[in-house]
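Have a look at the structure below, then the notes.
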Amino acid sequence: MTHLYDIVKFGIYALMAFSVLAAILAVTVRNLFHAALCFAAVLIGIAGVFLSLHADFLAMVQILIYVGAVMTLVIFAIMLTERFGDNSSPQNNSLTLAAFGLAIVSLIAFSTISVKTRWPIQENAGALHLSVGELAYALLNTYVLPFEVISVLLITTLIGAVIIAKKDRVS
Amino acid sequence: MIFGTGIIKGMLVTLKAFLASYFKGPHEGGIFTVEYPEKRLAEKERFRNFPFLLYDQTPENLRCVACDICAKECPPKCIYIVRDFDKEGRPLKRPAIFDIDFTVCMNCGICEEACPFDAIFMDHEFEIAGPDRQNKMLYHRDDLLKSNEYFNKIRPTDAGAIDARRREAEEKKKAAAAQAVKAKTTQPQPEPPKT
Amino acid sequence: MAGFLPDWVLVIKSVLISIAAIAFLGPVTMMYLTLLERKVVGRMQNRIGPNRVGKWGLLQPLADGVKMLTKEDIVPTPADPIAHFLAPILIVVPALLVFAVIPFGRGMTAVDLNVGLLFFIAISSTTTLAIFMASWGSRNKFSLLGGMRSVAQMVSYEVPMVLSVVPVILITGSLSTNDIVLAQGGWGGLKWFIFTPWGLLAFIIFYLCGVAECNRSPFDLPEAESEIVAGFHTEYSGMKFALFYMAEFMNSFTISALAATLFLGGWQGPVLPSWLWFFMKTYVLIFIMIWFRGTLPRFRVDQLMNLAWKFLLPLTLINIFVAGFWYFAPNTIVRVLMSAGVLSLSFWGLQKLNQGYAPEKRVYQFGD
Amino acid sequence: MIPLTHYLIFANFLFVIGIFGALVRRNIIGILIALELILNAVNVNFVAFSQNTSPDPATGQIFAFFVIAIAAAEATVGLAIVLALFRVRKTILTDEIHLLKW
């Protein structure tokens, strides 16, 4: 069975590399529509990573909400605001070099932190599978308050977004 | 009116048509398509397609006398006739050349009505295809010839009426001829000329 | 076999077998669904439908396939090459992925995920992305219009579809499609959910939204031939168009299969083998979809949206409430009557509410 | 299977790319995409930690749900603002929007 684990492990690392590459493309590609598509690829990659962490309900929710809904929103916004001719203007401003330097520095800093510190790893670390029932139990018992607050927040966002984006009635 | 009943009523109509197509005959709402090459619908008698020339018994005794009336009457002018002459140059009552250009002919049937000698009629045979327009679709006299039996087969009533009329004219002519012959025989001895 | 295979090869072999089965089943069902559709719609219009190629037209799909393959594949010059090229692929991928979760027979589910149903809904919601790419990539106003319409329709019909599935999950207590089918096994395999009041209503709503989800018949506004040529797949020809066509038919198969699984008891049935039951139910539902196509005219955009947001959505919310009551109420006739009463009352009420809908007078911004 | 640190490094990469994108992009929607990237990186961290270190693995995933919900809400409002802005200023490039009042 070890060969199978190796194949699966290699698959996951490939998925991670694919998502990082897609993320880099999503940030640097000039044409915004392609950037949004690369971002969708990153989301699906991350859903795959969630699957590797045995969080399959979360992976499905991620695909459903992010790729299904948020991407639709982003692409609608891109379509409504993109004037055909102007995607030739350089997408990045003068900060590029400074931002790149900051990025590299912070990357190194975070990585050393995450590698150096000894995290309190549980012994049955990767083995436990979480059933949807336990998840629901946690969501509706221990975390019921944030659950209700989130629903209120979503309603207000819904109404707020409609009001902001509504064409004001020509009186 | 409850929300979905209109839709259900419409659906039942199509379901009835769907079931009828399996169990009903062609005239009670079933399928009436005739699958053409294998099965055919009989043509109506007065169905007109391109004209053809008629001959009695043998292709030699053509009914057409090259009177050129049909060529004159033909609206798109697609008939071309040249009279036949015998060796001494005397005109004969036969066409040497009788061409119909099928690409021009519009199957109107005026030539059939105009022909006083019952020589040209509209055919039922419509599956005509030629490799090219110029020479293959220009039908000459021999291609147009068809027998009287064929004419009776495709248009029994018209052919019957025409044959009856011709036979009757035949008898009348024979009777007249016989009568004329008898008249000639009864007075062979004219009185001697008065001196 | 010489020696027994190491166990990891067995695992891979079983995976490959199920992949091969689905890769074979998908396109073949698609081909013969096109033939079934043309025959049935033909029979409804008193004509025969294709019967030239092969015995009863059985080889017609092959002929269509060859035609599609040999057709020239035109890419419009202003088109955005990447989006234009990727769109048909990204539409077929979810259509095929979704086959993994459908229980074809007693033990015949390719991948028995314990989040099977959510997998189905999540994957079928990614097709909006591919439709966006197709409509935006081909830089053509018809396809853009078609793309916008179809995405608006798919998003607004996805909400009632997902909510209409919640009662089934609530009653069976699990998201896995296999458990759902097992839960409908009582009365000798006939205890289907459709025989409960909330099940019937949820089935109708799920099925309607399913038809809208694959842009078929009464909801085929996005590819309305008469209005916007062919919607988002206007600029496609040859093999790419065949992929769109295949995705649409595979979606209609999977939606009918899932509706059969959730409400008609999947492969549960008294005597016949389990997979036969499954395919019979699915094909009955596909026949109904084709029947819709043979009868109903196309919806207007506002009727489409009203139906989804003002009629189906409130109905599903009430349905979830009734299913909750059904779950806790004792198993007596009172429970049936009450839930049936509440549901029919709400159906009638909502229909009355929607009756008086007169579209507000349009305000023209520029033309007075 | 896969040690925790590999997940953390993956999340760091995404996080850093997100920050770089947010700083560098001129188009507001580009910035919104970068922001979503950062939130996703945070999600990966949540789930990785909850799977490997916390006694009750559900906590991480629950927080990931909340992050997804808030990210969706934030994206909606952000794009509504972008549309309103585009309607007024006909452009959504950040360096062209520098006047508070017209």
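The first chain written gets the first letter, and so on, giving A, B, C and D; residue counts start at 1 in each chain.
Everything that follows uses one rule, which is that a residue touches a chain if its C-beta (ideal position, glycine included) is under 8 Å from a C-beta of that chain, and two chains touch if they have at least 3 such contacts.
This structure is a prediction, so every number in the text was calculated from the model and none was measured.
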Fill in: Shortest path length from chain A to chain B (each step joins two touching chains)
2
Worksheet item: Among the chains, which has its CA centre at the largest distance from chain C's?
Response: B
Worksheet, complete the sentence: Nearest to the mean of all protein Cα atoms is the Cα centre of chain C
Discussion item. Rounded to a whole Å, what is the gap between the Cα centroids of chain A and chain C?
Written reply: 28
Item to complete: Would you mind pulling out the distance in Å between where the CA atoms of chain B average out and where those of chain C do?
Response: 60
Fill in: Euclidean distance of C-alpha centroids - chain B vs chain D, Å
86
Item to complete: Between chain C and chain D, tell me the centre distance in angstrom, where each centre is the average of that chain's C-alpha atoms.
Response: 32
Worksheet item: On chain A, where are the residues touching two or more other chains?
Response: 57, 61, 69, 76
Practice prompt. Could you tell me which residues belong to chain D and also touch two or more other chains?
Written response: none
Worksheet item: Chain contact graph: line, ring, star, complete or other?
Response: line
Worksheet entry | Pairwise chain contacts, counting only pairs that touch as defined | A-C, A-D, B-C
Worksheet item: chain A touches which residues of chain C in the complex?
Response: 6-8, 11-12, 80, 82-83, 86, 113-115, 118-119, 121-123, 125-126, 128-129, 132-133, 136, 144, 148, 151, 155, 158, 173-175, 363, 365
Discussion item. Touching residues of chain C toward chain B in the complex: what are they?
Written reply: 40, 43-48, 51, 291-292, 294-296, 311, 347-348, 351, 354
Item to complete: Note which residues of chain A are touching chain D in the complex, please.
Response: 5, 8-9, 12-13, 16, 19-20, 23-24, 26-28, 32, 35-36, 39, 42-43, 46, 49-50, 52-55, 57-58, 61-62, 65-66, 69-70, 73-74, 76-78, 80-81, 89-93, 95-96, 99-100, 102-104, 106-107, 110-111, 114-115, 119-122, 125-126, 128, 130, 134-135, 137-139, 143, 146, 150, 153-154, 157-158, 160-162, 164-165, 167
Response to the item:
Per the touch rule, the chain A residues reaching chain C in their complex are 1-4, 31, 33-34, 37, 40, 44, 56-57, 60-61, 63-64, 67-69, 71-72, 75-76, 79, 131-133, 169-170
Worksheet entry | Contact footprint of chain C on chain B as seen in their complex | 2-3, 7, 10-11, 13-15, 17-18, 20-22, 29-33, 35
